[in-house]
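Order of writing sets the labels: A, B, C and D. Residues in every chain begin at 1.
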Amino acid sequence: MDSTTNGTRTMTYIEAITDGLRTEMRRDPDVLVMGEDIGGDFGGAFKATQGLEAEFGARRVMNTPMTELAFIGAATGMGLMGLRPVIEVQFADFISTGFDSIVQYAATTHYRWQAPVPWVIRAPADGGIRSGPFHSQNPEAWFVHTPGLKVVAPATPADAKGLLLAAIRDNNPVIYFESKPLYRSLRGEVPEGDRATPIGRARIAREGHHVTVITYGEMVRQALLAADGLAPEITVEVIDLRTLKPLDRDTVTASVRKTGRAVVVHAANRLAGVGAEIAADLGQTSFEYLDAPICRVGGLDVPVPFSPPLEDAYRPGAGDITAAIRETVAY
Amino acid sequence: MDSTTNGTRTMTYIEAITDGLRTEMRRDPDVLVMGEDIGGDFGGAFKATQGLEAEFGARRVMNTPMTELAFIGAATGMGLMGLRPVIEVQFADFISTGFDSIVQYAATTHYRWQAPVPWVIRAPADGGIRSGPFHSQNPEAWFVHTPGLKVVAPATPADAKGLLLAAIRDNNPVIYFESKPLYRSLRGEVPEGDRATPIGRARIAREGHHVTVITYGEMVRQALLAADGLAPEITVEVIDLRTLKPLDRDTVTASVRKTGRAVVVHAANRLAGVGAEIAADLGQTSFEYLDAPICRVGGLDVPVPFSPPLEDAYRPGAGDITAAIRETVAY
Amino acid sequence: MTLLPDDLNVDLHYWMRLTRTMDDQLVNLWKQGRGVGTTFNQRGHEAISVGAGMALAPDDVVAPMHRDLGCYLVRGMTPRRLMANQLGRATGVTRGRDSNLHGCGDLSLNLIGFISHLPQSMPVALGAAMSFSYCSEPRVALTFVGDGSSCAGVFHESLNLAAVQRAPFVVVIENNQYAYSTPLHQQMAIDDLAVRASGHGVESRTVDGNDVEEVYRSVKAAVGKARDGGGPTLIEARTMRMLGHAIHDGAEYVPQELLDDWSARDPLLLHEEKLTSRGLVDHEYLARVAEKCREIVDDAVEFAESSEWPDPGTVSDGVYAA
Amino acid sequence: MTLLPDDLNVDLHYWMRLTRTMDDQLVNLWKQGRGVGTTFNQRGHEAISVGAGMALAPDDVVAPMHRDLGCYLVRGMTPRRLMANQLGRATGVTRGRDSNLHGCGDLSLNLIGFISHLPQSMPVALGAAMSFSYCSEPRVALTFVGDGSSCAGVFHESLNLAAVQRAPFVVVIENNQYAYSTPLHQQMAIDDLAVRASGHGVESRTVDGNDVEEVYRSVKAAVGKARDGGGPTLIEARTMRMLGHAIHDGAEYVPQELLDDWSARDPLLLHEEKLTSRGLVDHEYLARVAEKCREIVDDAVEFAESSEWPDPGTVSDGVYAA
């Protein structure tokens, strides 16, 4: 962290996460963090919780055994009793180990007996960093399809903090997908103090007229790179969804109605991914406005492969987005 | 089971499942069935395995403890050793309890180290029968999104048998979603002996010219009902997908290019469901052919509610399909 | 073993009788085609659900399961709300959202609702216990699981986490000899389910689940220990599921001798015999209580059957908390 | 306790030395920036992975885990294929699909590959054992798990199912005192991990995981029992993870005294001392073996580094079996 300029500080994406945790833990004694290896000086596999035990004590920074079902379920019980646990699963890939606790118990509780379950799961997701099939996944579609959850996916340090604040304050189970490739490679201005980014509102990351790119997480950076390369010839509007459930359909629809063209991008497997929902919805609601087919860009229908040439072939990037935009605009 | 007519017999949907199991167990000594309560005279929560232990013995009809992770994982190990286990999860809803075994282990094994995992999970799915949020789910989208699995969903007794045969003979992990409301309410002609329905090929359940309805499972029956009601004014082509992964995009695309209009229907939650993939794909590949927006009909973004008026409001039926068709055709 | 106070024994009897009456009525309703969906049979489980429920203090939290009708009643969930839930009415605990006893939680009664996926309530109840430690509150959380559920991974994960956290947590196994149609020996290679605790460093004991006094006493002791910072306890209560798994299940797979053995030890009748033989109550009293329970249950049925169905327009309400 | 045959002890030494040499070389490669992704440290685990691997018959099946490099080697996976896998090459076991030791299965070697989700190999290996019963084959399946994994639900589900099936199945817990950064006392409330078996009716014992003879003998006995229809066994082998969890982890959280204690009992050096003190081999021999292992490993590195990268055009190949 460095330079303070009128109420903001330059931080990396992961520093912003830690700052968000610290902000909420200072503000609200009911907020605690729990997960594998998050305590002590160690501070988690990615160090996102480093320093928290020193400041807040072991009671509020709880190292758990490697038992995702038990500790996510326990977080649900704590939430029911009024606490606000923030769970770290070590990698987003391991969220499937606690699946029942999430999609069956926590997701349905308020609908069934009106009891709020105010937890957050922080899930370090995403690939591109040579971590292989089990440390590179983007499993958000499973949760977007499941009724009763909220899902967020910050693309910037400011939102990494802002969405975390909002998620912790939300009275529902929120899954917060972090993008590992952004952790230390993306820096940005982050508001100090407690400025939350509201859940459910997308952001126009860049204005443009010829085509709208709708995306989230690390792919926002890739889309902006693509847009840079295409300007001024083609001006690209980039929408950073920020929240995947509930989707901000209004912002997306307004932009696509303006540009008449859409490219939907995510790093997750393209097949039956969140992008399919967005494209299908636009196709239905904005049929008359579309000047070209909506193009989807995403991961292949393949486990994320380890070896660099394979992972690069699997994973979309600025080049694929550029090609999709060109094709869509040329249509 | 009754009346044999040239090589077919009239059976209910669930009788066809039992017939399929029996056919394969007779044909191949490596086929076994396993799951909770499936053995003995009891024969499973829905009696699909009744009579199998008497014929094949307890070695091939294995009652398991209520431990989905362990017995699905064990089936993977048996499959690796060359057996062909057919697992029954008691309700499709409990498939989430064995999630890691399926989506992480079995789904990725062949890609990673070229070892085939030839099991089938039979998952009694679907609602409309007042069974509440945990005995009514249609969780296929989770698995269609996951690389490495195959997913089938028969709509008729003939396919209930034929797809089961194909699934058991397939060298990959196949999830076979049965529709509980069809079990005893749908009868049809079923070929005797071992006529498999190939995985990956859809079926034109009814020909028509004005609009294509793309669906699967119990919604095929609902779509046919809707089509009956609309004929002869509107002729509806109904596609029974049969397989959800891999999707038969060719059949779907050809039909929609012919009719120019599509309605995609499933009982599963509409949001980010399999229908979104189909609609998004058609929107991209058949943009020029579409005379109307593709309409999606599906369950609400709500856990399946128990009480009849709520479940009816949640769940699509012939009426909703009729309305969607009318709207699409009138566009 | 010292006897329980007389008043308490009389109370225990009342709740067991009410549970039995309501359960019998549920069976009737379903036989008469007045049910909606399914209903779980309670017969045989009354001493466990009532005895454990009564051993808790009002501030304690409990997550009862599908054979714990008695516990819901003891903890203040009214027969009206429960019956209306069974019949899918707007006045039911879940306003028609969830079925039979599923989801019958109410935080104002310190009751946590369950889901079908067994035993997913266990870590949730543990989390409640952990929150009491977090907040330094002298409260305890309790939940029930079946013999079948004691095979499941999350049962073991929860016991392990409870032990390492020394959480004020009590788990009661209702060992009713079967998981649906599957007898114990097809589920596990142990005879004594209390040993499930030993691999996690949790104390445990086995009690007669048809003796409500014994259940009460052992749970009370475990709750007291937990409240005093002594950590979790597992109690195996042995009983027999006297009817099918749920209403549609004729349970033909259960040997008749087994049922005969256990029916001689019906938990409600055993307790009634105790009360009369100790001279605490007479047969007339028992008849009066039975009558009163019938009235309460009849009232609940009438309430439920005359309650409104949920408005389909509200189907999407309440998925999220505000 | 009787000594193992001399030849066997010499073999055990060879495989441990090869494992150590390869592990040291992996550490070097990564320090020099020649690695791809991450690599798991093996130091401290050699006696367990080698001893258990050697105790199996050729037809037996094993699912080694992330600290069982020794077992892969013993079972015939070549250093070349393993090294190429670590470096993501087309010639690696997974043809670049999976990382480090993940997915290093090969049915022709009776090796089952693992996934990260721990310990999901356990029911899979159990399933192999169950298939041997199904086919009446006199074969056994074995897998390893960590102390951390012994907390996980699927570990318990698998032991329970193994017990009820009386499967020819052996599980070795590698208790290395830590799960990543988390010491035992934050993971569990027990001291003796062999008790994990008792809640499932599975026999178990604890052995010195740094004494390759003891590991071999106990696994051999368990495998023999399983082959004779005696059912599953759990063996806790105690050791210490002498380096970080994986290459990037400096393990500053481990107290230096703990490392000092254990480094005095290095499994490889202990065994070398045994061999020389028993007069089986001399120092010159040990030097020759070390030299030979270095050559093998250098060859593997050269092979791997000069191997082709996978062709990106093949990225979608092999998701499905034909």
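The rule is short, and it goes like this: a residue touches a chain if its C-beta (ideal position, glycine included) is under 8 Å from a C-beta of that chain, and two chains touch if they have at least 3 such contacts.
What you see is a predicted model, and the numbers here were worked out from it, not measured in a lab.
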item: Chain C to chain D, fewest steps along touching chains; value: 1
item: Relative to chain D, chain with the most remote C-alpha centre; value: C
item: Between chain A and chain D, centroid-to-centroid distance (C-alpha), Å; value: 36
item: Cα-centroid distance, chain A relative to chain B, in whole angstrom; value: 32
item: Centroid distance [mean C-alpha coordinates] between chain D and chain B, Å; value: 41
item: Of all residues in chain C, the ones touching two or more other chains; value: 94, 97-98, 102-103, 115-117, 151-154, 157, 160-161, 164, 186-188, 319
item: Where chain B touches two or more other chains at once, by residue number; value: 65, 67, 69-70, 93, 96-97, 100, 104, 108, 111-112, 133-134, 147-148, 300-303, 305
item: Graph class of chain-chain contacts, one of line, ring, star, complete, other; value: complete
item: Footprint of chain D on chain C - complex, ascending; value: 151-157, 160-161, 163-164, 166, 185-190, 195-202
item: Sites on chain A touched by chain D in the complex; value: 36-37, 39-42, 45, 63, 65-67, 69-70, 90-91, 93-94, 96-97, 130-135, 300-303, 305-310, 312-314
item: Residues of chain D that touch chain B when the two form their complex; value: 61, 93-94, 97-98, 102-107, 112-113, 115-117, 120, 122-132, 134-135, 141, 153-154, 157-158, 160-161, 164, 318-322
item: Of chain C, residues touching chain B in the complex; value: 36-38, 88-90, 94, 96-100, 102-103, 115-118, 148-149, 151-153, 179-182, 186-188, 252-253, 309-316, 319
item: Chain A partner contacts - residues on chain B that touch it in the complex; value: 93, 96-97, 99-100, 103-104, 107-108, 111-112, 133-134, 141-142, 144-148, 245, 269, 271-277, 279-281, 283-285, 287, 290, 292-296, 300-303, 305
